[in-house]
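Each of the two complexes below includes chain A, the first together with chain B, the second together with chain C.
Entry: the complex of A and B
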């Protein structure tokens, strides 16, 4: 066989589209799996063109090299005691990451496989085939690496376990990812997973995390994340050509709705994982920028550019989103720390004197708002009244994002504290925000059957109906985690805390 | 006597919480029960009477829960009167 250069054969071998005659388009691409075609003719979909060209041979060679590199780093690190020397806050960040991300990566392979079969263009299906293999690899590698750390810390068992429990954070992540790809159709997956979540959020986040890991000295995690990020950068590009076809064919409003729904949902979970990690868990001396700066410089700028380039609008709730940059993840952090028996990692309070100075510099007014809440906690901790730093009841959980309903801590910014409410099918649903309510109201049948942990508690599904019963129902996260990462050193000894 | 699970937030705190009250409780008791999950834990205590707000109105502290009436999962805000 003559060796042709890639441009000479790529389009021919990739574009195996044909007009169906034995079955209808609807039979071959049922809307519940392919997504609505919005009346766009098949040949229009065939104009789908990925920006990143790749052959199967190249793919396999690249992946083999990536795996070889990651596993060799892992093997070398295993012989050292590098991980033992890593800061407790960083360990919290990666334990949280593995539990919330490893299994969803594997589940993302279902979404990619659905696009590989039900994407409406052969080029798209080709890219999604690579994506399926990528996500399978990401699931495997992110289970294998923490598995090797089990001897050092049982929290890493939750890399696999978390998604098989009813732990509230795992439910929140599962609810989001089910919506985004596990139970989404091909069109929705392309726009909501690959364009909105991966291109918009995780691709850049992974770059930042890899750099942070190297700074902190966690070379193994850095190598792992870099290896994954290069896959993400490729398969995330399925979204843009899909979006362009919708916009070109007069379906901008439909595309906009898909993006608006998932941008908000991604923002919620992103705050929970990345917000806490960047502003509280990462050791102060290794922080390169605040979460807000990261959002402004990378996520917002990129989205704004994309919206403009693709003829899209910023989501209708943009002002709400910008407002939350100042406070939302601070509230999540305080909540996760206070309700720490409910998480499988040891949250780092991250509020020693030097850290508070940094927070005040990055978020002017922090000391007068969140700082005041932490003052009360610090005082209780100093007096040894640890029970006062622990919860005695459950927070109310949003019926859409499944994250506790929180407010700004500054009374001046606390407008209405009431949750947003929807009555549907004889049941009252509570939401943390107007966009969460809007997402639910767009498609109530999709979300109405789900019960939050609090709904289950009130329905008698959690026995005994106590906090201990709730912890057992969540799989016992407190048995491996749920303690202050620094054992209150930041509160007892502020000088020590300030120099950590 | 019946248990009424309320959703409640203390102004100056940061989270909406599940707070069970009795239908025979006075509103003043409701204020105490909600405050117990915020004041002294995350909100500094101070000498000031507390108010319970339901649907935008300050409730009479002598009134009973059943007489308002407050129903399961109704939302109440509690705040210091000087806040």
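Entry: the complex of A and C
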């Protein structure tokens, strides 16, 4: 082994900062790509210091070991018929996951490369170079695994195809991830991707799903997800040193705004991916925690502690967020299930009798609110009137998050029933919530020229202007997915039929 | 709205991605690399935000708007066909090799036994090269994020990491030398000062700083991969390796030989990309040659500047011969790419 260890020479691997002479700082670090420098002098940025240090040599060693393990689990599984035996609800969860996440992981390598080129400190650029490799890994591994499942289920084609389509969930994911990293500057990416999204939320998605996967017996998926999360913990560390520099130099408000925007947006997409999966798709006997419990542990407790340690505040809309923990993802699930021909997986209704008891225990009052809607659906399903369990119209979609607008609409809830509205440039924009409207109003130029899929429909861009035309425009998700995961077996359950 | 009936649903057993339309069964490399840059040539703009927002405008101008275009980039394959895991396996082997090399030379007290004049030479040419190498890392990752096809993106992601590899080994050497000779060798301020102020470095620094702002994706690729790197690598891997052997620094020579393996892979990628493009659109030859002609003089001046240091070595190489040899390597490489100066 070489005599010197990392600490001996590490500072020389990251001291490549200097004053540009032949080109200007502004030319080499244009604000659109680097982010505003906020008048912070270059030498201040050069103090950027990563908590978790490593060299190229260490990276190669560590990662080689990880992949050997992941891919050997995979080949063992391929020889078994594990996937065939897995619960239909779990299949929904992973089909949704791969479709929504595989390509964005690869695209995150663009966000990392953005920081590797336009980050204002060599140390940051080095960490981002590792991050670029990590996200390449994550994209590749989450393409390779579903590709092997194509023969069993064409839904897994959406792991590759989704981002090429205008399926509404793909639009929502693209809008979010382009805002967060693909079309973001380096500074924004560090705070919004690595800090807000990765440190805060992906812990939730990945650790939660890994735990559930192990319970379900999907060893392959569980091992894959855990392995990815170890990389994540490392490259997510880019956010903290970046935040520290902003806060030290009197730019806490700017940092706060970046976090507030992306915390809300992350919450929205997590309800869609993780909320539905944890509380409705994962088989009951394998659920470790409810979505709300998980959010309370990982976000409200752990992430916010870290957040406050950095001198930041909870986002201004905190009470709105806390309130939503009780109802938002339930509404989203109902909507996604109801509009199921528009998604590429087969949503598990997750409302059999035992499931409803669990939902009531975790969310007291569920049966009196959401339960009453499901009662109607259940009755129609039991009578074989499936057409009544499918919609005849399109929902309103939020002009920011691109997710259908959901409100609790319960007696006694002090909630706005109407969408939030902004008039801008002669056009009317509708939003699902005060924070989504605020995000738009903060920076309308970033969002205003974009149309939701329903805007496009109403503008005549989708032809024919029918529901079939809309499904074709979305890339035909109903051709592979869109059915109830259990084919309504839960509705024919005699317990459910008899007592409600 | 009705749920589709079984007869309209996809029944055919699917062999690969529906967007993979080649006849052959895809390799693992293709499965995980094919057609991932969904935003290239997307209408109305690459990204799912306001079409006029800054990054949309940037990509439309510098990528979709670049003169370096063919109908379809998805037929390109990097000759090495590296997936992430193949890259990691390969470089982990190379890093183990370098570790063993350093270990072996350290046992013989290699750094302490280097002659003072040679160390002084290293201080002025080799140590500050970590700044230069870092720029190559940055520009590589610019090319990768601007590339139209994921096949190109991934190859340049790996290339950026390779540059970081070379830089980090030189940082190790800097520290090892400082412990055996004098403290200044590990002083960042001193090394930076050489990079910033020593006249012989300035043409190279000027070239590299200007390379940072070549934002058109085709020009960035050309300036980096067809001009700067062939010249830089010929100088720092080949010529410096030769000089090191002449001066009894076999460790540096062997390290340079190892970095030359990365260099070969980078050149293979660049050559393959040019030939792919020229096959589809021969008139691109004019565009590429134009950029080569624009950047080559600065690259030539950079080498002329740096070759000055070669006379500091106890056993020197003649500056003129070095410059000539590097120039010839560039010419030869361009010829392989069916291009010319």
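As a working rule, the second predicted complex is superposed on the first by the 488 of 500 C-alpha atoms of A that agree within 3 Å, B and C clash if a C-alpha of one lies under 4 Å from a C-alpha of the other, contacts with A are read in each partner's own complex, and residues count from 1 in each chain.
In this section, a contact is a pair of C-beta atoms (placed from the backbone, for glycine too) under 8 Å apart; a residue touches a chain by one contact, two chains touch by 3 or more.
Only a predicted model underlies this, so the values are computations on that prediction, with no experimental measurement involved.
Once the two complexes are overlaid through chain A, chain B and chain C fit side by side, free of any clash as defined at the top of the document. Applying the stated contact rule after C-alpha superposition, one finds that A:482 touches chain C and leaves chain B untouched. Residue contacts after overlaying the shared chain place A:392 against chain B and chain C alike. Touching more residues of chain A than its counterpart among chain B and chain C is C.
With both structures placed on the common chain, the touch criterion links A:289 to neither chain B nor chain C.
Taking the C-alpha centre of chain A as the vertex, the lines to the centres of chain B and chain C open to an angle of 140 degrees, rounded to the nearest 10.
Contact with chain C, but none with chain B, is seen for A:151 once the two complexes are overlaid on the shared chain. In the superposed model, A:125 lies in contact with chain C only, and not with chain B.
Of the two partner chains placed around the shared chain by superposition, chain B is the only one that A:458 touches, whereas chain C remains out of contact.
Judged by the touch definition given at the top, the superposed model places A:12 against chain C, while chain B stays out of reach. Once the two complexes are laid over each other on the shared chain, residue contacts for A:310 go to neither chain B nor chain C. Superposition on the common chain A brings chain B within a closest Cα-Cα distance of 12 Å of chain C.
Shared interface residues of chain A (contacting chain B in one complex, chain C in the other): 391-392.
Only residues 1-4, 8-10, 13-20, 28, 31-36, 38-39, 46-56, 58, 83-85, 87-89, 91-92, 95, 98-99, 102-103, 106, 130-131, 134, 137-139, 141-142, 144-145, 150, 153-154, 157-158, 160-161, 164-165, 167-168, 171-172, 174-176, 186, 188, 191-192, 195-196, 205-206, 209-210, 212-213 of chain C touch chain A when the two sit together in their complex. Every residue of chain A that touches chain B in the complex is listed here, in rising order: 331, 334-335, 338, 370, 372-373, 375-377, 380, 388-389, 391-396, 404-409, 411, 414, 417-419, 428, 430, 454, 457-458.
The touching residues of chain B, counted against chain A in their complex, run 5, 7, 9, 11-20, 36-37, 40-44, 72-73, 75, 77, 83.
Remark: chain A residues 1-4, 8-9, 11-13, 15-23, 27-28, 32-33, 55-57, 60-61, 63-64, 67, 71, 103, 106-107, 109-110, 113-114, 116-117, 122, 125-126, 128-130, 132-133, 136-137, 139-141, 143-144, 147, 150-151, 154, 157, 160-161, 163-164, 171, 174-175, 178-179, 182-185, 339-341, 386-387, 390-392, 445-450, 467, 471, 478-480, 482-483 touch chain C in the complex.
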